[in-house]
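By letter and in written order, the chains are A, B, C and D; residue numbering begins at 1 in each of them.
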């Protein structure tokens, strides 16, 4: 951490500050220029509150040099983390995983058809929303526990591990048989939920919020890991920008940046990023080429009658041709499915 | 709602769609151009799912014409809503309200000093965080129930209604004596929480999320109101942009835009928007001049030792001079405190 | 400037780098931690290229501590700059200036009516576009030299100094009688144009680009000032964000931030920021309250028939009532018109 | 175009408006609902000014349905445009083109080495900045005419067509032997420059501005094409968002979106988008996979001593391995180099 002092900062006050830091076992290095005085803090600064230091009258600015996350940081964990998502399938470290299924679980018949078809096309995991975060209170809110039952029935029949979203701490009890618990973009900084998930021994798929930086995503992973749960899968699903031709802007650079900063696997959700079915294939291919460890794709047997997100859902036929295309790119990257 | 069809859309399929809409009691108006066919839908379209309609193969695009919110909409409720925040203080419809206090409740001594001083300077309500959403799992997470006790003690002693943040549905039981429950920016789309708050008979202060549009803020207010709780106070606290000299970008235009679209009162939080104490006064004045119904200001007796947000906290002296300045602008706007 | 080295940076290469900097008369301070090695550079670092230093294999990151601008920097010029805009009117240092007029100069009759009316309402300067940057090649492109003639005729008749936009270096010859040359948002980083304007002895009104940071705005001012022209007026006119209810997002915080960083006067253009006439008054009041030195307002005698920007133009009656309102706020700020 | 009227809009005024439109040969379709009255305009609406219509007192809102660009629109030109960039190399319609070279032309020796090496690695075109837009007036501003001479010398020796940036209309005379003229991101809406380039018979590489939408990029292409020059190559090079770990955010979705909306070829510049050499390869691969027709890559023989943009420049060795990797992806896409 570096502290930049105001031009005429009082030397006695600077001295007092140095004593304070020494008590916290932090070493001080000092650069005195003509117009600027800089102080370098060496040691474990993760617990220091930048905002409190900025509030000190003699301080002009404070800059962090080290990343504020540890457990998610590749510097302290060089090897890629490989996560077992169930039924023998893995993600990370060369293992590629495709998670597919409808936006919302609607009924058992729909789920059965879709699961059988995505499996045939080569997907490893089944997704489907039982608890649905909807912008409008007047929209379909999900089948809840019933929806989870349908998902588990499909897993038992087809061997596809289940990924589904949790919206509230009080629902954790319904997720016992779920293989991977998803935290949605709007809950990325629901810190209470993250803490509870940190106590589980189950993979968590953590989606990046629409206005969250990569550093904040890693800090939210750190919340889960700090509780003892190391199995975190990160998901890039688009950020909010001024461009309106796509629903969100897929931040493709986030893939290599996260993989440099962290050892955790990264999946991409091109369906939510784009909001349009015809954009899913080119974005999915780009994600593989940029180094993603997996994809999350919305597939619906009848998009115009989907209870949510019809515009961005692939038909099973579209999905089958997507998988055929994707396989070539996964091969080229030297990765294997599952 | 307007549907734009693809160039060579099949007339039979268009006809089938028209029949579908008619069954839902929606009237159809039709514009046939050389290159474009447009269909206008007249009736209650709030329950229609735009994304499903977009998924219909013959549809090129769909545009909403009417706002998707009703209860929060000024079109159906022309008069300003006035909310009683406790102890006889009101907000909205010409009543101006200042909510002040520390970022975090730290101990009773601190709370007593700050409450007495902000009251003397003219604030109506006391704020203070008992449950703290912190980006880092290693940072101070709040005193929780104990913090709420301290706030209530201060209210009982000084007559200052209490505004404090809820982070999870399961904590609602601790908020019985709290006057106004705050929903933080990160929870603006925690729809489960919003639904629960809709069942209470207590004012809710709803903060705009960093990446949320004004329409989404109004939709979140609609969630609370749809449950039966009409007492929603909206709060603009800065959005995320590319500018890095301020922590967030205060969207000052949101004040007049919200007041045109909705009858609900609007407060501004210049402390979080800017992240810097020296910016609070100019932004607070601008907010009053733009039509805000209130302000939410962080005040701490010792900012450099605050357990959170020191950089943006005013000292009680700064706050006193802010209030003296603000009063002139509130007068000029023809509003009255409390 | 601070250089952060990679974990295992070779000591000999660090030593070689230190020698390089010493040759450039830059002093080095060195902080060696367990995981991080930091080097502080003290001296004139404005000429160092951050990107080249970042390209050195042993370097992990580089951070600037001092601002890269000098002439625009308040640190080296504490007093507010006051600029004479013609006809005895001034801006900055307590002098407030209102610039009003149509988006485009359309004909002499229109200009005569508008000029007489804005003058009567209390505006100091006349604005009007002769060269028009239009997004569409099929839209009205301005009257060019003829438009400037009309503006000068109005100035001669009414004593209102003229502010008008330049689009290309080759047109400078037509701006001899123009009092203040405006550089539009899209040309904020047209560096060739800025250099040419730096050679003039005439105030330049420099608008912030839609995607430009405050620091970049100050660097563009520096371009003009580096050429010898100190008379730069900065203009905040909204930045691009995800919010679509307003055309752009007025960055109200930019006013106090610029005034802290720089001694140059700042005006605000609420017409372009909002894109809607009904938003101009609340935003204009907010701008005054936040410390602006002036306003730039679009006024048209017949907005529905304006050749450009009708939606955001005030009628002369609206403008008159705006001025009556604004005067109270300018008074409260202790500033005087002209 | 669709006009939405205010709730109590006067019927006589609506009638008058309809007459106005009829005179402009525009057909009217009318939808009267309980709360909303909508009017559909059918015909050539590209010349109508949305802002003027919005300014009409009875109008609540106006929405465009048809794209405002014609010549760049795939609807009116279904086949991919293929552009000859010189020396027999083509771009678009299955022809892939790599443009490589240093950010700035520094001297002949440097240019000779780099050109020979990029050619050997398989690049078709040489890039290099002779006129340099630099944020700081104190930074290296380019060799200008001398720089163009060096580029032409390299072309003559190695057969690599030259792509270089123009900054001002007055320099066009120096670009006679340049094969492709580049318009930089900051000049994307320098409409005067676009108009002049529209009069040439030479390919123009038009970069997207940092805050510009895809529609605005296509409108700027339309400016050039409206003048008679159909040879426009579009370039995505990153947009400005809140994320700070990369210099800009590469909008990968822009590639398929542009290719759907327009017939013009699209290249991607991963060097400027990311600002970091180590990010160039994953982003380049992603661009190919998403459907780009070419790449623009910065290569420098000695990045730490580059006069500009060292941090994002590849060494010739890096570039050679990038090309080897890229070839596999270009093959997979069924495209051919040159």
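The rule is simple: a residue touches a chain if its C-beta (ideal position, glycine included) is under 8 Å from a C-beta of that chain, and two chains touch if they have at least 3 such contacts.
This one's a predicted model, so the numbers in the text were calculated from it and none came from an experiment.
Trainee: Could you work out which chain's C-alpha centre is the most distant one from the centre of chain D?
Mentor: B
Trainee: Between A-D and B-D, flag the pair that has more C-beta pairs in contact.
Mentor: A-D
Trainee: Counting in whole Å, what is the centre-to-centre distance of chain A and chain D, each centre being its mean C-alpha position?
Mentor: One centre to the other, that is 32 Å.
Trainee: Can you work out the whole-Å distance between the CA centroids of chain B and chain D?
Mentor: From the centre of chain B to the centre of chain D is 39 Å.
Trainee: Spell out, as numbers or ranges, the residues of chain B touching 2 or more other chains.
Mentor: Residue numbers touching two or more other chains: 211, 239-242, 244.
Trainee: Which residues of chain B touch chain C in the complex?
Mentor: Within the complex, chain B touches chain C at residues 211, 213-215, 239, 241-246, 249-257, 260-261, 273-274, 278-279, 282-283, 285-291, 328-329, 332.
Trainee: For chain B, which residues are in contact with chain D within the complex?
Mentor: 2, 4, 7, 27, 29-36, 38, 40, 42-43, 61, 63, 65-66, 75, 240-242, 244
Trainee: For chain A, which residues count as touching chain B in their complex?
Mentor: Chain A reaches chain B through residues 46-47, 49-57, 68, 133-141, 167-170, 186-187, 189-193, 195, 209-211, 216, 219, 222-223, 226-227, 239-240, 275-277, 303-313.
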